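Only one structure is covered here, and it is reproduced in the block below.
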Amino acid sequence: MDVFILQLFNGISVSSILLLIALGLAITFGLMKVINMAHGELIMIGAYSTYLTQNLFHAYMPSSWFNWYFVISIPASFLIAFLFGLLLEVSLIRHLYGRPLDSLLATWGVGLLLQQLARSVFGAPNVAVTSPSWLNGGMRILSDVVLPYKRLFIVGLVAACLIAMYFYIYRSLEGRRMRAVMQNRDMAACLGVSTRRVDAMTFAIGSGIAGIAGCALTLMGPIGPSLGTYYIVDAFMVVVLGGVGKLVGTVLGALGIGVFNTMFEYWTNASLGKVLVFLCIVAFLQWRPSGFVAMRTRSLD
Amino acid sequence: MAGYAAAAVALFAAPMFLSDFRLNLLAKFLAFAIVALGLDLIWGYTGILSLGHGIFFGIGAYAMAMYLKLEASGGRLPDFMGWSGLKELPLFWQPFSSFGFAVAMGIVMPALLALFLGFFTFRNRIRGVYFTILTQALVIITTTLLVGQQAFTGGTNGVTGFSKILGASLASPDTKRMLYFVTVLVLIAVFVACRYIVGSRFGKVLRAIRDGENRVRFIGYNPAMYQMVIFTLSAAFAGIAGMLFVLHVGIISPSMMGIVPSIEMVLWVAIGGRGTLIGAAMGAVLLNWAKSEFSTSYPEGWTYFLGAMFVIVVVFLPNGLTGLLGKIKLGKKRRVTKNEPTIEYPAM
Amino acid sequence: MRNRKLLQVGIVVLLVSLVISACGGNKETASTTPSETAGGSNGAAAADGIKVGILHSLSGTMAISEVSVRDAELMAIEEINAAGGVLGTQIVPVVEDGASDWPTFAEKARKLISEDKVATVFGGWTSSSRKAMKPVFEELNGLLWYPVQYEGLEASPNIFYTGATTNQQIVPAVDWLLENRGKKMYLLGSDYVFPRTANLIIKEQLKAKGGELVGEEYTPLGHTDYSTIISKIKEAEPDIVFNTLNGDSNVAFFKQLKDAGISAQDLTTLSVSVAEEEIRGIGVDVLEGHLAAWNYYQTTDTPANAAFVANYKKKYGEDRVTADPIEAGYTAVYLWKAAVEKAGSTDVAKVKEAAKELEWDAPEGKVRIDGETQHIYKTVRIGEVQADGQFKELWNSGEAVKPDPYLKSYEWAASIQPSE
Amino acid sequence: MSQPLSILQCNDVTVEFDGFKAIQGMSLTLAKGELRFLIGPNGAGKTTMLDVICGKVRPSTGQVTFNGDIDITRKKEHQIAELGIGRKFQAPSIFPSMTVLENLEIALRQRRGVFATLFARLQAEEQKRMKRQLEMIGLADQEDSRAGGLSHGEKQWLEIGMMLLQEPDILLLDEPVAGMTDKETDKTGELLQEIARERSIVVVEHDMEFVRSFASKVTVMHEGKLLKEGTMEDVQRDDRVAEVYLGKRRDADASRSTA
């Protein structure tokens, strides 16, 4: 019973991490049809931003404040990844609209460049980020079941990001413009919406969320130049499985992969678990090629 | 025609000018060119981007490697099975002691896998980006399985430590030269086959599918059949290339089949010029040559160069270097017509 | 249409000739000019120097570990050159990038031996890269110095192994754990050759020594979520986790282990792939108190080590640390030098003959080459991670242990030895 | 039940998109050699009806039969096309990277299997037919141009040419004269009447002028249902049709490009 509860929690925790890394992708891929293979590297940028924030606190702040660096690093990661995303959109991505496969290849090249850049700047080995002490330990709900605060924190962070995105997309003026452009670009342009600005903003926000994901990942895993490569394929699977264009699909996709992965891994082993999950995804897509939540269109292609 | 003949002559004459080591490298690059041709058929001509060709390449390579390993072990258990705790040769390894069987498997197995995958995905109209991501999932499945089943596959180490093929020592320069000629012949055969396919009505249907898959359907063609056939063929070419690769390099491991090598294969085609066969083949040779020349002296610079090259070519030169050369030449002649062989790649 | 054909023909001719001339051109120059090297030497020096190859991954996933070993090897060469070189000539390093790709290792090894005609090669890290290079060295009768602890069961006549084999690291570590920390052991490793082979040996050893195997788990390389594994470990209630995880997975595992409320006091873990360099990337806060088994630590107290650490930091920066494979790479260069001087030649056969039972005062203490297996005698050390990111030695084997890659002197290991 | 002279019969067809009924119980019978116009205000389900016939959309209930006894309701698009139902879409959809001639070549009536096309040679007879078609659609001097570079009207013609080379028994045309000049429109109308001598045609059209000039029989749809069927005079006299169209006429004409 204890193990069951713990595994259930682990499943949700893994899902929340997957969701966090896939959220940004759901925006860039789902709304803009840009396959951003450099998404993983934007996550990496977020992680390094956290590392830098930590170092700044070490160097310039009283040591009693150190614990609060993490609070600052979340917006900092968002901002830095946001700026990188903006730069990327303005210089490259805007030449790639309507060419999704080309965008995949070009951004893979960008990913390669960013990885090498990280290697040149921070060195090839991993860097260490010390988690704030208020996230150490966990909540004991049964004698033998401890829910780590960090995992709980990530679940909360994802929820916060989802809510923020919901309000942004569906309740704000900017969000309405964004939806208008994504649904009918020409019409939106005719109505005076600057599609260029909206595109750039949308892509940058997607990138910024990747940055937040990177920040959260410093709590759980390694921080190095190849950090992004560990997560990128999983993130794509989440988005594809969930279906394009609706956030609820992405949530379902993440839950599906996270929970099943944990289950399979518990019953078999990590390698086989992974293989089984991917097989399930391939099989599922045969059945529903456009994922859990599909949007129908009437156009020929 | 004259140009191709000259190229063929140059390839056959190459052993006279190159050291054994360089010849070996060139042979490897030519094997890569075969993969590039297959990839070009499905990507450049049919508009399907597969990021899973590393698997087909790898399966071909493993088939050949299994034969070579058994040949080298001379009746004993291959070394890695020993240190993985196996006591006797697994059943599925046994027929690979036959060269003919191994070669047949090296072609048939990738083709069958592609057929199986293509049968379902293309019939279910999974295409464009979804197909591409699906192939990536397949790469993960295959490499994880290969690595996990160390006793049967050699795990991350892969299969290596070969000595002879059909009784001839792999180390002797004569065998190497022979294998080089075999590679050149296979490349030429594959190239001619691709030319025929591309020029045939079948090839026109492929391009039509690239331009508008649904439109093709309403003319009465079943695109799924065409996609399946060309995907299978392309996988078979990759398998052949994999077999040749093992003969030249002497090792195959899952690291040659992963996501990165699979994307690199696409990169050869992109940089050489998709939609032209010669561009794809040349892209494979040139890029790998440059990699082996420059990556040594400037390992960091090389990665920057590779990344930048990729970005620039894909974004600004969709027709690759061949397209660029074409533009320069046409520009000199000041001859710009509607006919200019630039290809638009429609949204997929 | 005609123009288009002509154009294509033109391009074909142009490109083919380009490739051929490029390849051919190099043939002419290859014998006289060496490749550019990171060491900064040039063609002029090569004319009267002894060329040696340095073949590590400078790009890709393994660059994390291998770059430091390259640095140590280059430092050794520099030191030797400053002291007059070997046989009165300077050593000229030819640095190649294995790019974390095994076939590339094979290709570059072939290039170093047949094109650059190097006297010997120092290189490799992963077992896979060594397995890929081994046939090349055997075919071309080259000489490779491999500096990393590995899974044993190998003794190539063309390779010198300066890292530990199993009976110099894993076997004594398991003995020590069974004596001092408990009997119930959980084996956790990355899914590749070294952990699988190591665990095969450990399982036999547990059977023979009265230990108990309570679980065995492998995760794919690059695995980053250990929550399920940690659940499984909790369920199995082991005394010890024997950790053969590699690289980045260690970071995820130790961070998440700590979050699950399991500290080094609750559960002993012993790692064989976590050294000083890795500690910096994982963070001392999560690693403090955990154990490792190596033959060398930066804190190892020998006169040679004091100088080695000081020089290394001076050359590459105060923030750099030394570690076992770094030291083994450094030692390899000096052992080769000693063998060449004894043989009076760089000829492979003569060097191998001269290397037999050769001794040298390495930073890890006195080492000796075992003539039979071409491994070296090494002292085994178990260390505990301290708050400063360094190891405190808890135990050592006292004297250097004779290498036994096939574990022939261990009765319980009979079933592991190759059946010949 | 089946009338020997009818070539296409749609019985009680209903199409649902996520709960929204685009077509509700629509029936349609097409005689051999008939030129039928399908009209109706926006959202009436005209294009969807064509989609059902050519297999692009599966009806949730109802049946479509071809040539008396072939049930094509569950058949795939390419099978339906092979049987002899050709479709021209609203936006010109030709293959832009191929030449005009290549476009025509793959449209030719022929065996369309993988192996058939792999070993196909262009026959002299086929060449003649393509030349004739090129003349007819007025693209003879552009046969080697990339189709993507043609003007909008030329693309429309090319697509019609491709469809004729398919030699279908039924042609389904979605707004064939959209974007054409008056002269081109007239030419198209004449062409349609000529084609209708040997084949059946269904045309979805918003251009009432065009309908009036060339229609013999008209089917009016409204909100997914059949509103009226008959000659142009019948339809014009009908009160319900007037009600649907009056006041809406302007909208319908203004937004021809959507359906």
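Should a chain be cited, it is by its letter among A, B, C and D, assigned in written order, with residues numbered from 1 in that chain.
FYI, contacts are C-beta pairs under 8 Å (C-beta built on N, C-alpha and C of every residue); 3 or more make two chains touch, one makes a residue touch a chain.
Here's who's who by UniProt: A, B = Urea transport system permease protein; C = Urea transport system substrate-binding protein; D = Urea transport system ATP-binding protein.
Here the structure is a predicted model, which is why all the values come from computation and not from measurement.
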Inset, instruction - Report which of B-C and B-D is connected by more C-beta pairs in contact. - result: B-C
Inset, instruction - Tell me which chain's centre, taken as the mean of its C-alpha atoms, is farthest from chain A. - result: D
Inset, instruction - Please report how many Å separate the Cα centroid of chain A from that of chain B, as a whole number. - result: 33
Legend entry - Centroid spacing, where centroids are CA-atom means, of chain C and chain D in whole angstrom: 71
Inset, instruction - State, to the nearest whole Å, the distance from the C-alpha centre of chain B to the C-alpha centre of chain D. - result: 43
Inset, instruction - For chain A, jot down the residues that touch at least 2 other chains. - result: 119, 271, 274, 300
Inset, instruction - Hunt down the residues of chain C that sit against at least two other chains at once, touch-wise. - result: 1, 191, 218, 220
Inset, instruction - Return the residues of chain B touching two or more other chains; collapse runs of consecutive numbers into ranges. - result: 144, 147-148, 212, 214-215, 300, 303, 339, 346
Inset, instruction - Name, in rising order, each residue of chain C that touches chain A in their complex. - result: 61, 63-64, 67, 191, 217-220, 222-225, 227-229, 231-232, 234-235, 248, 251-252, 255-256, 258-261, 277-278, 280-285
Legend entry - Sites on chain A touched by chain C in the complex: 3, 6-7, 10, 13-14, 17, 119, 124-131, 136-138, 144, 146, 148-151, 219-224, 226, 229-231, 262, 265-266, 269-271, 273-274
Legend entry - Sites on chain B touched by chain C in the complex: 1-4, 6-7, 10-11, 14, 17-22, 24-26, 28, 76-77, 79-80, 82-85, 87, 144, 147-148, 150, 155-158, 160-162, 171, 249-253, 255-256, 276, 278-279, 282, 285-286, 289, 292-293, 295-300, 302-303, 322, 325-326, 329-330, 333, 335, 339, 341
Inset, instruction - Using the touch definition up top, name the residues of chain D that touch chain B in the complex. - result: 54, 56, 76-79, 81-82, 86-87, 89, 93-98, 102-103, 105-107, 112-114, 117-120, 122, 144-146, 148-149, 162, 166
Inset, instruction - Would you mind writing out the residues of chain C in touch with chain B in their complex? - result: 1, 3-4, 7-20, 22-24, 26-27, 30, 35-36, 58-59, 95-97, 99-103, 106-108, 110-111, 114-115, 126-128, 131-132, 134-136, 139, 151, 153, 191-193, 196-197, 200, 218, 220-221, 416, 418-420
